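By letter and in written order, the chains are A, B, C and D; residue numbering begins at 1 in each of them.
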Amino acid sequence: MLYFESDYTEGAHPEVLEALVKSNLEHLSGYGNDAYTESARAKIREAVGNPEASVEFLVGGTQTNRVVLSSILEEYEGVIAANSGHVSVHEAGAIESSGHKVITLPHTDGKLSAESVKGCLADFYADDNHDHMVFPGAVYISHPTEYGTLYTRRELEALYSVCREYGIPLYLDGARLAYALACPENDLSLEDIARLTDVFYIGATKCGALCGEAVVFKKAPKHFVTRVKQQGALLAKDRLLGVQLDALFTNGLYYRVGKNAIDTAMRLREILAENGYRFFVESFTNQQFVIVENSLAERLAQGVKYCFIEKYDDSHSVIRFVTSWATEMEDVEALNDIL
Amino acid sequence: MLYFESDYTEGAHPEVLEALVKSNLEHLSGYGNDAYTESARAKIREAVGNPEASVEFLVGGTQTNRVVLSSILEEYEGVIAANSGHVSVHEAGAIESSGHKVITLPHTDGKLSAESVKGCLADFYADDNHDHMVFPGAVYISHPTEYGTLYTRRELEALYSVCREYGIPLYLDGARLAYALACPENDLSLEDIARLTDVFYIGATKCGALCGEAVVFKKAPKHFVTRVKQQGALLAKDRLLGVQLDALFTNGLYYRVGKNAIDTAMRLREILAENGYRFFVESFTNQQFVIVENSLAERLAQGVKYCFIEKYDDSHSVIRFVTSWATEMEDVEALNDIL
Amino acid sequence: MLYFESDYTEGAHPEVLEALVKSNLEHLSGYGNDAYTESARAKIREAVGNPEASVEFLVGGTQTNRVVLSSILEEYEGVIAANSGHVSVHEAGAIESSGHKVITLPHTDGKLSAESVKGCLADFYADDNHDHMVFPGAVYISHPTEYGTLYTRRELEALYSVCREYGIPLYLDGARLAYALACPENDLSLEDIARLTDVFYIGATKCGALCGEAVVFKKAPKHFVTRVKQQGALLAKDRLLGVQLDALFTNGLYYRVGKNAIDTAMRLREILAENGYRFFVESFTNQQFVIVENSLAERLAQGVKYCFIEKYDDSHSVIRFVTSWATEMEDVEALNDIL
Amino acid sequence: MLYFESDYTEGAHPEVLEALVKSNLEHLSGYGNDAYTESARAKIREAVGNPEASVEFLVGGTQTNRVVLSSILEEYEGVIAANSGHVSVHEAGAIESSGHKVITLPHTDGKLSAESVKGCLADFYADDNHDHMVFPGAVYISHPTEYGTLYTRRELEALYSVCREYGIPLYLDGARLAYALACPENDLSLEDIARLTDVFYIGATKCGALCGEAVVFKKAPKHFVTRVKQQGALLAKDRLLGVQLDALFTNGLYYRVGKNAIDTAMRLREILAENGYRFFVESFTNQQFVIVENSLAERLAQGVKYCFIEKYDDSHSVIRFVTSWATEMEDVEALNDIL
């Protein structure tokens, strides 16, 4: 069986695991007050080019979205997101559960446009009844998106500019950020993202760690650690996050993690194209989406684990192949025989 | 420096870590659908003597209390707890944040008595105004308690009987359960606890794992995984919990973890007594509380890390020494020279 | 100036006001335990043809939607509504604030179709990932809708049948129910609605009272009064609701309230048609929507108060004229001169 | 039967009712944008001696406490209150339902002392673990208290000074404020209260209106009307509140309402004393609490409606007699024959 189901089917990148093993018996204070956490923070501040940034570690993506958004939204505000966004669809109502509406806008290949966000904000303030409506209090995007697509620097600048104009924060979900950063088509560096958002997170769970996400705030919400604790998101052994993130930002590991995924994904993409597969969306990152006949989908399932995404029409499905730091090129080549 | 500050200052027990290392490159499905998670569930069902029990894994203690309590309480209900309880004091309002009041009762050495709970329930229903008050919807206790003390089987039976009488669930927080189970003074087995509560958790974070708690329900709330996801508590790489809990319930490791802590704690207790220290509470588990003059506390701090608990009076403090699976007996003996 | 802005610009229907005046100095118990409240309940149970129904009084529409929906939804559930629905747009996020997502579907003239709801539910359960999504836990409709349109009995039967099939409650918001009941085109009696929904409310604020809505449950949620109190919706002088609702259900007042509004609205509709106005939607109730040039809208504003609804295109607007129990036919005729 | 059960067993003071009747058919905009609401605001700003104050109208007391507190607390904050406070006991968990803990302190005759609040705040910040606890974010008091007692100006100054020192708002619940203002023992004017709190409310439901409370903020929370709407507390026919509050602040009615209650309460107090009744607390306002043998309580119940408060001991109860604007002196004298 070949495995292209997702980027969280293996444990940690060996260098991350080794860091956990090496530090295991050190006596370290709990709740984020340890040397590894401090070191990871410093390395990330360096990597994002902002010595003033606040760097906080959380366990998983939905948790991070919930904690960050509830921290930056006022109680009468909601968050604007693509209707395909993770917060809109696949978080079991985590944002609403914290009291906030997800205000959805249509997407293009998973992306929100500055025009659409600006239109939403302008319409809201133009509506005489807006005091009876949910105030748009932040904008949520992901990079790469749910469909593996990327914002260009120009697009992000435009979005950020709209957010500046309306005085609301822009939040970028980087669950798979390593796979954007390592992608030749990507023109957004970590520094760019740190500059063009108010808060974003550098995903680790799907990029080489067992768990963990690093949230980077231009300016952290007051008493953030208490908010984290309140939502049940604070680890007693917070070293688990500190050590892993520290390892990921040592010797460029976060970039190397991304590179393997992109190299194998681009070869996979080539193979899919050569085999005449029809792409659902043009993705240059580690997720490749194709439209296949249902009968083909069933046949493929015997030799390769992929992910079913959605029904395309009565006889076709959209399926997804995913690579990661753990994908081996020979498995990609082996896929060639199956397709 | 000697380390007796807490039971979460080291990483994982070597056997737990080894299990993570060994399984690291296996391809496993996410979100709790992997073989290790299934194996851990089966071993725990066996250990608690209830083949019908539902076993669910969460990341940390506060998260577990928040997710479990919000799952078993109706929106008009609160939870009865000792005023010293973790949910009452040290969870940054996690329970209230999920909409529920913590109804506090006085404690004795950290414990709630059946009489006191029964009185609270009887008074509530006798009050003609109770429709304008928070309905007591569950009882929360911890074993060992915040003060390291233990419920006897008779006490737990009495509490459970009151809960049965009023039709509300009894929930036991076992963050340090390994340290109760290994304690000769403890007369409550895992089977007893599983029988005499409606839901409890077997703590792993403080008992040998990097993170993780195993919740054992007699009957799981409907759609529990969705509730977990909604609160940001579901791990993509849930194997992290499954593998660790599986290791802890292999070859009696969970009991061995407890035994080392108790052996060292009992020797520590002996040494404290020999040195004329005054105990704040009589504890037979891995936490030992003593009342010391402030000047002594300061002097001790130069050679040993302990935990300040609370002011006793103007010139005295309550401090705590904690042992764990990682404590070495020679460090306890070394403490003798400092005290 | 003529007033067609809304159906809440006057106080109470004279018979309602008189009932308040007459009962004013009677000593009545608070919190809904008075004879008027009991009488109103009995009359409504009679009117809806269900002696087993639970009838509860709340103050306003948004409050009612929030209290009812949070009472019937589990914490992992959301409510399906038209994207034009009051709960979707004009309640400032009241539903989300209580922790629940509003799952929106496209509408036709403000209405949800059974097909669309069934499709949504079928798709949800067909999605392997649905445990990571918000469970659809109820369906919300309004009758008349936001656009003044009406469900037919056949349509309501179809919706209710889908709800029965999936085991979720159907909730009907009757903020303007009097204006449906008095409408010749309406084929849904109070008895039909009580039979074909699980819970609905009979609006009074917009139908002759100063405030108040009567919620009719087939089976009331447990401890409903406590839920009401918790949300700050319980009146000490609950007689204020009981007396008014009692008056509205005495001598057919609720129907007479509706009749005046419909009679004047139908004449208004005739006049609009005669004057060549273009209708935005075909409404047979007390709200009439027309599309006008912006310059005309401005001119009209000098002689009549209407309600701006939305931009139609760059040069046209949708505006609304509303009648009520208080509208006088001569004002409608006077409007003829202005249009 | 004589009626001394509570101050909400009659409707509105005749002058309030008359104002509703007179204005009934005026066309007024909804949602608080009407002339009566503006007039009431102006009169209250005048009465409290602060032309900059924000005055907002809500429907009932629990609603007001919930909306105000959730507006002034950050999500990681709770409110300090007496353990006898209305928010602590009799609001069905309304505050917790909005996500905030009520941090209770012991009371003296229903009052919080500045020393006790200061001690709580000092202890909190002195605790190294306070990041894991609920931040005290506001102080809640009521005047008169639940026991009818009054803060002195000196006491309120001291409380406000502690709040200033710690930078948290002081909130005063004035559900029965009229009965304090008319009391000779009271030395706190409306101006004093407006100066010595950050926000308070002037109760109307229990002081002559059918419903309604006037919240007075030194500085209103941003988008307060949206917060009100979100919690289901905004009335379409907000005139109902505006007209009533306007009437209560016309010709000194609010003070006259209080005066009748105090005059009758003081005579009642005299009679109770003359008859040898033992007071539970010394109250100079409209609530009088006495400790009676249970058999006496039963006998009294045949001729007079009073309110049972709590069990005093096995053979005694605390009961309460309440006067209001509607109490007639002859009923008080008639009580003399029964006692």
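FYI, a contact is a pair of C-beta atoms (placed from the backbone, for glycine too) under 8 Å apart; a residue touches a chain by one contact, two chains touch by 3 or more.
The model shown is predicted, which means the values in this text are computed figures rather than measured ones.
Q: Half is the threshold here, strictly exceeded: which of B-D, A-D or A-B has more than half of its contact pairs identical to A-C by residue number?
A: It is B-D that reproduces the contact pattern of A-C.
Q: Going by the average position of its CA atoms, which chain sits the greatest distance from chain D?
A: So the farthest one, by centre of C-alpha atoms, is A.
Q: Report, in whole Å, the distance between the mean C-alpha point of chain C and the mean C-alpha point of chain D.
A: So the centre of chain C lies 33 Å away from the centre of chain D.
Q: Compute the distance, rounded to whole Å, between the mean C-alpha positions of chain B and chain C.
A: 50
Q: Mind checking the centre-to-centre distance between chain B and chain D? Centres are C-alpha means, answer in whole Å.
A: Centres of chain B and chain D (C-alpha means) sit 42 Å apart.
Q: Specify, in ascending order, the residues of chain B that touch 2 or more different other chains.
A: 75-76, 91-93, 97, 99, 131-133, 226-227, 229-230, 234
Q: Which residues of chain C touch chain D once you look at their complex with the stated criterion?
A: 3, 5-6, 8-12, 14, 17, 20-21, 23-30, 59-67, 91-94, 97, 205-206, 210-211, 226-227, 229-237, 239-240, 305, 326
Q: Going by the contact rule at the top, pick out the chain A residues touching chain D in the complex.
A: Contacts found on chain A: 31, 70-71, 74-76, 99, 131-133, 135, 222-223, 225-227, 229-230, 234.
Q: Considering only the defined contacts, which chain C positions touch chain A in the complex?
A: Against chain A, chain C makes touches at 75-76, 78, 89-93, 96-102, 128-129, 131-134, 308.
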